[in-house]
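Chain nomenclature is as follows: A, B, C, D and E, assigned in order of appearance, with residue numbering initiated at 1 for each chain independently.
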Amino acid sequence: MNLLELLGYFNYWVFAIVLMVGLYTVIAKINLVKKLIGLSIFQSAVFLMYITMDKVEGGTAPIILKGMEGNVFSNPLPQVLILTAIVVGVSTLALGLAIVVRIYESYGTIEEDEILDAD
Amino acid sequence: MDLTPHLPALQVIVPMLSAPLIVLLKPRGLAWAGATAVALLSFAVALNMAIAISDGAHYRYDMGGWAAPYGIELSVGAFSSLILLIVTGAAATALLAGRASIDSQIEPDRQPMFYAAWLLALAGLAGIAVSADAFNIFVFMEISSLASYVLIAGGPNRRALPAVFKYLVMGTIGATFYLIGVGLVYMMTGTLNLADMEARVGAVDDINPILVAAGFITIGLALKAAVFPLHVWLPNAYTHSPHMVTVFLAACATKVAIYVLIRFDFFVFQSNFDWHGSHFSSFLMPLGLLGILVASAVAMFEGHIKRLLAMSSVAQIGYIILGASFVTQDGLTASAAHLFNHALAKGGLFLAIAALACHYDDLRLDRLAGAARSMPWTSAALAICGFSLVGVPGTAGFISKWLLIDAALDQGPFAWLLVLIILASSLMALAYVWRIVETLYKKPAVVQPSSAGEAPLELLLITWLIALANIGFGLFPQFPLNLASAAAELLMGHAL
Amino acid sequence: MSADNAIVLALCVPLATAAGIQVAGRISDNLREAVTLVGAVTLAWVVWGMLPALFAGERPAVMLGELLPGVALAFEVEPLGMLFAALASGLWIINSVYSIGYMRANQERKQTRFYTCFALALAATMGIAFSGNLITLFLCYEILTLSTYPLVSHKGDEHTVRSARVYLGILLCTSIGLFLPAIIWTYHVAGTGDFTLGGILEGHIDGADIGLLLALFVFGVGKAAVMPVHRWLPSAMVAPTPVSALLHAVAVVKAGVFSIAKIIVYVFGVDFLFAAPSANWLVFIAAFTILAASLVALRQQNIKRLLAYSTVAQLSYVVMAAAVLKPLAEIGAAIHMVAHAFGKITLFFAAGAIYTAAKKTEIHQLRGIGKRMPWTMAAFTIGALSMIGVPPTAGFVSKWYILAGAFQADNLVAIFTIIASTVLNAMYFLPIIFMAWFAKEPSGSKDHGEAPLLVVLALCLTATLTLGFFFFNGPVIELEAQLFQGATQ
Amino acid sequence: MIIVFALFLLTLLVITALAIVQTTNLFVAVMLTSIFSLLMASNFFILDAADVALTEAAVGAGITTVIFLAALMLTTEHEKPHLSRRKLNTVVITILASLIIYATFDKPRLGDPDAPVHQHLAPWYLEKTPEYMDFPNVVTAILGSFRGYDTLGEVFVVFAACIGVLFILGVKPPEGSTYNPYRSGLKHHLIPQVVGRLLIPFLVLFGLYVQFHGEYSPGGGFQAGALIASAIILYALLEGEAAALRAVPRSVLLGLVIGGATLYGGVGVVCILMGGNFLEYTVLLDNPVAAQQTGIILIEAGVGMAVCGALLSIFHAFAARPMRV
Amino acid sequence: MIETVVDILSWFLLCTGGIFVLIGGIGTLRLPDFYTRLHAASLTETMATILILVGMILQAGLTLATIKLLTIMAFLLLTAPTASYALANAALQSGNSPNAQQRDDQT
């Protein structure tokens, strides 16, 4: 398992770990803002997985300048998907935070157990 | 300038592009009128396509003019046109009937944005039904989810907010699981187009990532479709959202997720791995059965009428999943038919409750006692839709109950257990529907309605239209049944 | 008027009457009663008009629509159905007359809803009688249950609502829980559900499944009140007497027993069942029901509860006769339906008359009532004798045929049960008759005359019918004999 | 050599994620999240995803942190330390982790050129872009034209978020929450104001550069919208909400969002009216390559307007909301 | 010949820049008080940036990259001190007074 081999799988393991950290935060923490932070980490891990797919060894960013038709490029498709996914993540986050602000105004707290007791 | 080849695209563009314009319609009532017109227009498009498809047509549309695997492709077959009918029909009827109820629950200055979110939800769901590209389904799933979070957050009392927050968190996790699944399949096949994926999945030699992808996609979509153990967000979300939103979402939101689950699993995975069929059924059948039993049991003892019906929705989703998990032609026809019939029955029920809510502020069951005396027509419609939910003969529910039991009978050794569970749960359904009907009719009035008289006219008319449609499709179910059996043929025949 | 559209007419007349009653009810009571009577008479005329066609051996049929592929709403008239329809439409006239008198006398409220539901129930009964396949039978069966619920919960107080819930609960649970899967299983296995003489399950199903399917059918049809599912019948006694008459004699229970007979004859086929060893438990169940119900009836004090349990017993007569699976016994079953209808409707009318006139409901209150209400008690006596099966009454004819069938099949259980139950019937009816006629009236009891004229008129009519059927049962037997061409007289 | 750098960044990423979970002070957690995004952006850059790195930096680090801080301002900054049902969570997490790790063993190694991903669609795109669109940035080509429908969906996700936040925060805040619109802003801090006033024009200029230079270098509608929005947010922070709202009033923002979304959709509808499929730019002009380029520039402008308007109106919805004192 | 001199010079500049970043890092960790740590952190932002960027400019020679590097340097030199100023100001306002005795109790 030489160095390159190790890095080959290292990306996926980091993806797995960060995904699990995000999911754990969402499930275990009861503070609503902390849940949203966990959610954004959870989504970022998925972006990392997609982008590790597109790397071609010795390839550069898929921008084919005039003189560079010849050499190897990385795969542009996952990048397009992730551009969309990042903005989806931010939109969901913005909506989530708006709801958290409204919850704080009507319940006075953003801890899930206190909210459940209030009703 | 013949628009028929553009119908699949128009189905999504019409509601989506009109949403921003609706936000500008500030004067009173204009936003509602615009939104209803657009919803009816998209229902007309869906109907047009459904009629063409029921006698054999199949719509295929390349977005941006690029050929299939490279550009995004839309394809509308029998199954997707059935879903489109349900989605656009539910949106149009809820909007047509909902003017008074929405006016009473949403402040006038926020209404244009509410109706824009409504159209976005409609566009999102239609986009999912129409699209044949895995990532495109994710994008439109996000649009419809975001829009439904906004709709539910419009609920009058403060409990809507924690409910919608839980829905947001679980919905986003579900969508991200789906994204991981699509990513894994893309990693192993290199394509995002469903038909192309189906062709290339067979050629993949190490299938571990594909199995894990199937797992992720099934869990993610089960979360969005509120299949039994992952349904915790549904009761609160439907109970505390505005009444018209419950009508719209209860009729179609979870069904689109089930549609994607069935379509993805039958086309991409089962066509290439024949043993996957048994995986799919061995995973989903117990969930379906458990869902049916537990949800019906909980619904029997539920106090709040909307939460009761929300739990019954979870049970009915269990039926649909059960039908699909038979992995046979009859099973799929039964589950497709039940998609349609349940939308009718549950839509009618929630419409009747919205009518009740016009005069009764507190929707707890014992507070609604004796409502039939002051609102006889609404209670009659509620009773009819309730019986359709139970599956009393002569109503739409009976047809799907019949098909489901018929499909369950040839499930080999434990066929009897399946039939027993289906019957037990329809008896439980009978129990909680009868509990509602009896409190409405027989119990003496505990609380006087806040204002006397029947529900507003257009709400009452639409509720009765749906109630009669329940009976109509119960006696003459040819139209949805042809679509359902064509869809089942499509799914089992693995043609996209 | 060809027989085919007569069927459609037979279904539409009660529906039209129901609508008419709703409209007339708003105008005046007399108009409403008039509409009911006219409706009943026209229905009877339409149904009886079909008799000559039946005697000529025709089988008029009409297909309304295709519900599911292979599952259609179809109606077909055959002798069994014809008999039941004629019986129901005939008794509807008498029952209407009786209920007009009864309702007027007791000033019951919500009479419009009462008559409308009555008409709807009749429409459903016609549907059951003429149903051409299992799905139509099931559809009309459910409509009958739903339309009779408002009648049973007529009074509306807490006790009535609870027992009405028991009534509806048991009927709906058995129909959805057992009857529906049986039908779907039949459609699934036999490919069709149409009633064909000689049965459709030949070769499609064998061994224990036959017994299981038969059990699903028998216990699924809750209206036939076979022992474990009979609970709803006594609890339906909270309804006013005309409704109990409807329940017992005219429509509801008759529909149950008729369905079972029809399923045995037209779905299983008599010889197919006779050959199947796993299906002979039905006779034992029916026998057990007869004896148990008769024993329970012995201890009853309330007249209507006594009559209810006696009905449970008499119904199982028909089921047992059908279960003997011999042509003679089948004819006996059909005839017993008619005999029991006449006898039991007379008894219920009498009980209603006593309640209207003397507000008495318990048996021990009937001491010496014969002198005060001679006509009512005479009719009561004829009805009771018919239940026991004493010769001049209709009951004797049907028991004769059932016994003949049992002897033909040398089914000892059936023979013993009939004899034992006849004795038991005598033991709980005769003391009432003696007490009414020969006992001395207790001093100080309220003096009251006969019941209102209309009530007494209906009473006497049914009593004469009970006697008349003993002498003029030829055409009925000949009609039923068509079912089994080879059957000896 | 780049590998060691990548290893270092990835481990730093994991450490930051764990740190975020541990802190109970939400303010620290938000700061760590923005560091997490920056690390993610640099990782993307190492993996040759320039566009995504720019977006992640601008949208992920920039706007997300601003919105989080605005929300924290309106709620509490401290989290109640409490762990609910520990065992269940750890069990679920370990199951899922093992599921994913199990899947990673058969995945193609990082960067190996004959992985299936690089065989099917990618070569077609890399070969066809210079031919159809004749500009270097393949990612913008796919974003704008090959998968333009996805980006349309994307714009409407942003639009949905924008009207969602305006709808949810459209409700009057509870009475008793005071807010002095003129109090905010660093008015009495001379240095930040001077530096800010110097920087903002260049920021906007850079945003516009990214917007219209998207075909040749990493950039495009999303990144430009985020950059311009962050410039105006900087202005709002320095001069105060009232000044910012006077400079770019709410009606203009709503107009921007609706204009952007309708522009994008309109281009598609025009393509239908001119005989092509939805979003088929070749029918716009007679010369197909010029038509594709104009089409992409138009929709990128729509995207930029929509994203900028949406992010700004979201920021104003949070920042201008009276606080519960 | 010129290239080797330029290479050595840029190599030298890059190394010193690296060392300065290291010193700044250690300073941020080791120094006791907020303000002293802030002082160390701002060191990396100003001195080290200039050294590293000049080193890179030497490497890049007279190309477009040099202009971009110069703009980056201008941008960084402008914003870094402002950021430190804002941090210090915020700390002062939130009551973290920089006077002497506070340092003793921390050691």
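Following the convention adopted for this analysis, a residue touches a chain if its C-beta (ideal position, glycine included) is under 8 Å from a C-beta of that chain, and two chains touch if they have at least 3 such contacts.
Treat the numbers as computed from the prediction; the structure is a model and nothing was measured.
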Query raised in the report: Tell me, which chains sit next to both chain C and chain E?
Result: none
Report summary line: Touching chain A and chain C alike are B
**Report entry** chain E reached from chain D - shortest hop count over touching chains
**Finding:** 1
Query - Farthest-lying chain, centroid of Cα atoms versus that of chain C - result: E
**Report entry** Pair exhibiting more inter-chain C-beta contacts, B-C or B-D
**Finding:** B-D
**Report entry** Centre-most chain, if every chain is reduced to its averaged C-alpha atoms
**Finding:** B
Query - Computed distance of Cα centres, chain D from chain C, in Å - result: 76
Query raised in the report: chain A to chain E: how many Å between their CA centres?
Result: 31
Requested in this report: Give, as an integer number of Å, the spacing between the C-alpha centres of chain D and chain A.
Outcome: 12
Report task. Would you mind pulling out the distance in Å between where the CA atoms of chain B average out and where those of chain E do? Result -> 58
Report summary line: Expected list for chain B, residues touching two or more other chains, is 135, 139, 142, 146, 149-150, 153, 186-187, 192
Query - In chain D, residues with contacts to at least two other chains - result: 100, 105, 107, 115, 117-118, 121-122, 125, 147, 150, 153-154, 157, 160-161, 164, 168, 171
Report summary line: Among chain C residues, those touching two or more other chains are none
Report summary line: A full list of chain pairs that touch reads A-B, A-D, B-C, B-D, D-E
Query - chain B partner contacts - residues on chain C that touch it in the complex - result: 65-69, 71, 73, 135, 138-139, 142-143, 146, 153, 156, 161, 165, 168-169, 172-173, 176-177, 180-181, 184-185, 187-188
Query raised in the report: Where on chain E does chain D make contact in their complex?
Result: 75, 78-79, 82, 85-86, 89
Query raised in the report: If you look only at chain D, which of its residues touch chain B in the complex?
Result: 99-100, 102-103, 105-108, 115-122, 124-125, 128, 145-150, 152-154, 156-157, 159-161, 163-164, 166-168, 170-171, 254, 257-258, 261-262, 265-266, 268-269, 272-273, 276-282
Query raised in the report: Considering the complex alone, what residue numbers of chain B touch chain C?
Result: 390-394, 399, 401-403, 405-406, 409-410, 419, 423-424, 426-427, 430, 434, 438, 442, 475-478, 481
Report summary line: In the complex, chain D touches chain E at residues 186, 189, 191-192, 195, 198-199, 202
